[in-house]
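All remarks here apply to the structure that follows.
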């Protein structure tokens, strides 16, 4: 009993640690990455005792220190309580979402099977949506508590945008859920371990390419980053919902945003790119379709899988950063139009087509 | 699971709080929110009974209640917006006449 | 049991906050909290699907809508509070609890809950029930939602 | 056999289609659709008529309407011979009038609406006659009232039409109120016997259990309803005004079908009415008086449709007379023949009005024989029929009524005399109208004269068919000395309870026939003599007091106005202007001041504040809770 | 003075009495006109075929304090998009309250230019819809480009302007106001 | 719902955007009246950067005005310099030597390219396309380095002198330019891919801030805004000054007069400007870079330090300034944002009596409320960006 709790606590700690650090690293990657893209040098000022060589580490430490030591400004006519509550509400859902994302298969230690997933909930994906739907509060409440017209506009935009894209996101995932027939993320990942036609990994992207595009678009929109950064809209709404935030509270918003990037990346990976699956890697090693077999010890397999998951997630984080530095921003009505008039119908169509495909497939018993 | 009666009492309390809110508050939005509270109290009883009897019907009913609550909230808020445009107020006492 | 009591206290407190906060946004936030705790209560009743839906629908959609409307209207004045009326209303509500209490405490339901069957409260079972014996209400509910959407649009639409 | 349901179904479908998609169909298609709907109904009705054996009662329950403990009311149709006859009239004549309307309303903007109403009317009317219980019958009853209201006020842009519609509706309401009371009383009375039902058939089985004095009251109340719908004294005033509607409507609703609903209802409940000779006597007298007075009014009217309207009232009086003397089948027979010739008359007059571009004043007609040959012929045939020219439909039916009045134990000589005089008057005013319209000098206005034209075939064909009906419909029931009556035998089972089978020697019948013929001929002669408005005697007569009285319709409207409306408003005004400020205020103000405090408290109850209501609601709920939980 | 260009001839024919002077130095055609009825004059310039001065390039003024009388000249620069001609129109105005017609009905672009002239020189434009300071602030005293405005003049400090319509609501920290709102009704 | 009451009141919100706002670079304020996100009305407030240019010029000698002109459109200060110098030279009735004229053309066009790059880059980055913005800025930086090498300053250049320019060009100027242009063209091609054909960008730009041809003329708009409506007016073509009549270049025209057309106009003008620079460098004659007139041009240091005439010339020149005959002149050049006109009145003597600048972006801002009315808040950004308001010029 105690061991179980200990294992769960360890897993939770591990995941939180990873996510928070990844979020911090992403902050650095984003700055360095954008500098790379834009032929600049980027963040290079942070130094520890004059030693600036380790940009990542230095920035990772310097940034929080800077944030934490800044003045915590609350607008005089703002709402003190809500102003403080909002960043917590923004950060909380982004972090708890990870509880259901599987980052590996079963790890067997001393005969005890440990599922590499913090909480195996049988409605995992719904849980994620539920938590994601909570993240809008941070924005809305923060925007309102700031007593600033720009942030109010940002809050209204944010609420509308996130609620709208949640719908498109939910519908786009529906196709995947129909194919795999479960809401459990671990099950979904396991199901992606199969092979299509004997050689192509049965990843969601191959089964549901349209859903992938829709989901990824909606997920980026949910993270409120360019091209969907209207709630912030730096050049329009100054900084939107967090105009009046500084110091640690801003850091929480900031971390929340990066945690959401990681979430989006992890979700895309889990649903469409096989999660922790490595192609042709079974529990005991590689089984290549054209007949090679490479047996590996259990621990190596698990490590490979976890590593694959991490690589995929980081790759998608990088894709999102690329996007952010490439595209201009939408306008409010264009975002709404995209969400309601493009993504939503296509997602519905995708659901219908998938349903027909599944039914026909069942008829022909070709279901993967 | 705690005994059914506990759940019933809890939901009665929440329901009563909702009732009080509907009666005493002077803001239609809060009144609407109190109604939501009452609905949830009832949902709780449904689920408690469903669990108690081991029947899914209660859960399904809750599902429908949620649907209706969503519809009710949407229409209610739309009405509030329309009213606010005319009255510039959210006070239910300003809305005594059945006309614009 | 402990869990229940904690949750119950939290729920009741946040429900009371809904009523007693004079600021609408504070009320709304308290309501979100109350709904969230109720959702957790749902989980303790073996209704994970409903619990999640509660968060998704109530907290995620309905309450966002409320906040959205509050921000849109941005009601300026704090609500006046009339003590006699408050007393009267609260007394009535208390009376309601008081009257219901004995009946609720003596409900003749099985003291010990029936053991939950396998998959009780799971999406599969809920879906089967929903699309089995409740398929007609389900369809009607969908029509209701449609009507609500149209009604809301028509009501809130501005004349051009 | 589940044919019955289709009879109301087709018109209902037609009406709904026209309401919802009519505007896209176009007027023509909408009209044809409506005709097709009624046509199908007619086919079904005819099938039922031919399939129905004399003694058989078809019953077709559709579904349960309401079920409250012992009370179970079904939506159920039933058809017996009476129903079948009524159905034939409704759908048959209805079909002809629909077709006619295609031409008559062809240029009207609201044609789609018109046909929707018309179809709806057929639906309700068939519901009325098919109903197996009184409640359903009442639905049809109210439905036809509604349609009548809608159609009278069809051209609602004209204020007068709307007023006429209102009048019809309100007067009908008075009658309906009686009907409703009677029905509820009946329900109560039956309930006392343990029969919680309003079904006619069940009612029939327990009549003997009802208390006679209650039955008297019930039948009286029901008769008020019938009088309202069928325009009997004192509630006839709406019918003449109802002529504001389109003429085919007048023909269908206000001559052939709806107004006979009262007659139908009494016939349907004949077993009940037969139990109370007092009511029957009252009905007979009211019928007879209505017949006579309406006829006298008709003599002095100048509006072509108004004459026909009063003639309708008069003929309905005949029917009630027959009902009153217990000759239900005769009443229905007259209803049947009357439907033909009166529809024919109305449609012909419609044709005339159509030709003259809306002109209704007979003084501005004359000599139309040359212009409207077909209409002329049909009008002549129908006029002969209504006047009782031998071998026409009206001759037989009216004769039978007169005979029944005379021979029935319930009848009396005075009643007979009244009816007999009416027959003469009928001949007089009908031929007066006939001559005014078709003979003599043409007094049509110049502009109207230029456009005068015979109606299109789509209007003429129904006219001719109805004219044929006006002749031959009567041959179904001839006196004993001819080939006797198919009719009596056909309807016999329905009225077995109280039907009079009184077949006196045929010599007597021939004698009476002769007497009737004589007075009719006298009326005709008089009309012929006064045929021209320039006639000196006629002119003198028309200025006479009696004629003014007649032309003024006995000033009944004014009397009503004087006795009911004016006193009502006057007393209201008196109360408001004299009594209230002078008496009450002066007296009460002091008290009021005292009461005011309390009233202010009471006013809080109606604050309009939802929360107050909610609080009251909660208080009530708490009280109930306390009561039930504390018990 | 050289021969008038055809354009100046056209103007001279139309407004013989209004034209004070016309010349073309270095190809820059300039006309001096009486300031009365300027609007009518410019309408002619704008709409007369052959002139078509439809493009209002600039409006400014010059203060000839002590050098000329009247002291101000309002200077208009026009251009014809069709013929690619330019024309300078000068209208001398003076007095304590110098005033000319506004050209805003002819050119909406004149709005800001005239406001600037008002701001800098204090010359009023009759019929201008919104004649208020543009580059300087409302409380500025004097008109700085007048020659009698000292270069080193200092302006008095202006108190902060109250802004209405800002997003301030009940959540004021003014407890007294809150109490008043609660009990004082 | 026709039976509803006809006019529900509209919730309007007053929003004061600026003067301290990320998008209002150059300090300007929009008093917006919003309905939701829609701009019902927009009142523009300028003047935050007003420094009394006109008044200052009246106090300075003729040559002392030149640094003030630097600070007008500080993104392309060379054009301002040359415009002022040309106006004064016109008043003096002199013409600079041909080499000077070619240098002025080449440097003007370099400035114009910088101006356009700044405008486009800022507009792009404010729309969120920060990378494309940085590419533009990088291209500008290349050119700025050249200008720095020529003039010794990056922003406040003061390169022009009445009657000439400050120095001659450095010897390998052509190579620098060729190199910079090669890189600029590559960067522009990247921007082309990132922006001009980006669906989001096009959606944000096209159909927004539309100005009709008539409205543009009525407001007196010039430069890319006017040309985007299809009116072919470029001072370099309409009234060629310097040696523009010897250059082969085209004036890009738009059709719709919206932001996208302005964007494309500017992009194409960059290419045309590069062509002009290349031609000017190719055709550039040798010779003096300034007039040889001691009354107008300061003598060389050599003479000042080594000869008494030189020293006296220098003293008189500095103390009295250039003696410009009485008269008035209006001289327009094509600035980065449109017709940049100098109206100069001289009453004789060493100081100008009146220096008036016709500021193109001040006039463009006067039409701003028309461009933005009925659009959304977010549309203010590209519209304002495409006007390229430079505070120094607008407020002077």
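The letters A, B, C, D, E and F name the chains in turn, as written, and every chain counts its residues from 1.
The rule is simple: a residue touches a chain if its C-beta (ideal position, glycine included) is under 8 Å from a C-beta of that chain, and two chains touch if they have at least 3 such contacts.
Remember, it's a predicted structure, so these values are computed and weren't measured experimentally.
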By number of C-beta contact pairs, the top two chains: B-C
Centroid comparison with subunit D (C-alpha atoms), farthest chain: F
Subunit A and subunit E, separation of their C-alpha mean positions in angstrom: 59
Inter-chain centre distance, subunit B versus subunit F - centres from mean C-alpha coordinates, in Å: 63
Rounded Å distance, subunit A centre to subunit C centre (Cα mean): 29
Multi-chain contact residues (two or more partners), subunit C: 23, 49, 53, 61, 65, 70, 72-74, 80-81, 88-89, 92, 96, 100, 154
Junction residues of subunit F - those touching two or more other chains: 8, 11
In subunit A, residues with contacts to at least two other chains: 79, 149, 152
Subunit C - residues contacting subunit D, complex: 88-89, 92, 95-96, 99-100, 102-103
Subunit D residues touching subunit B - in the complex, by the definition given at the top: 607-611, 614-615, 618
Subunit C to subunit B touching residues, read off their complex: 1, 4-5, 8, 11-12, 15-16, 18-19, 24, 27-28, 31, 34-35, 38, 41-42, 44-47, 49-50, 53-54, 57-58, 61-62, 65-66, 69-70, 72-73, 75, 79-81, 85-86, 88-90, 92-94, 96-97, 100-101, 104-107, 109-111, 113-117, 120-121, 125-126, 129-130, 133-134, 137-138, 141, 144-145, 147-149, 151-156
Subunit A contact footprint on subunit C (complex, rising order): 23, 25-26, 29, 32, 48-49, 52-53, 55-56, 59-61, 64-65, 67-68, 70-72, 74, 122-123
Subunit C partner contacts - residues on subunit B that touch it in the complex: 1-10, 12-21, 23-27, 29-30, 32-34, 36-37, 40, 43-44, 47-54, 56-57, 59-60, 62-64, 66-75, 77-82, 84, 89-91
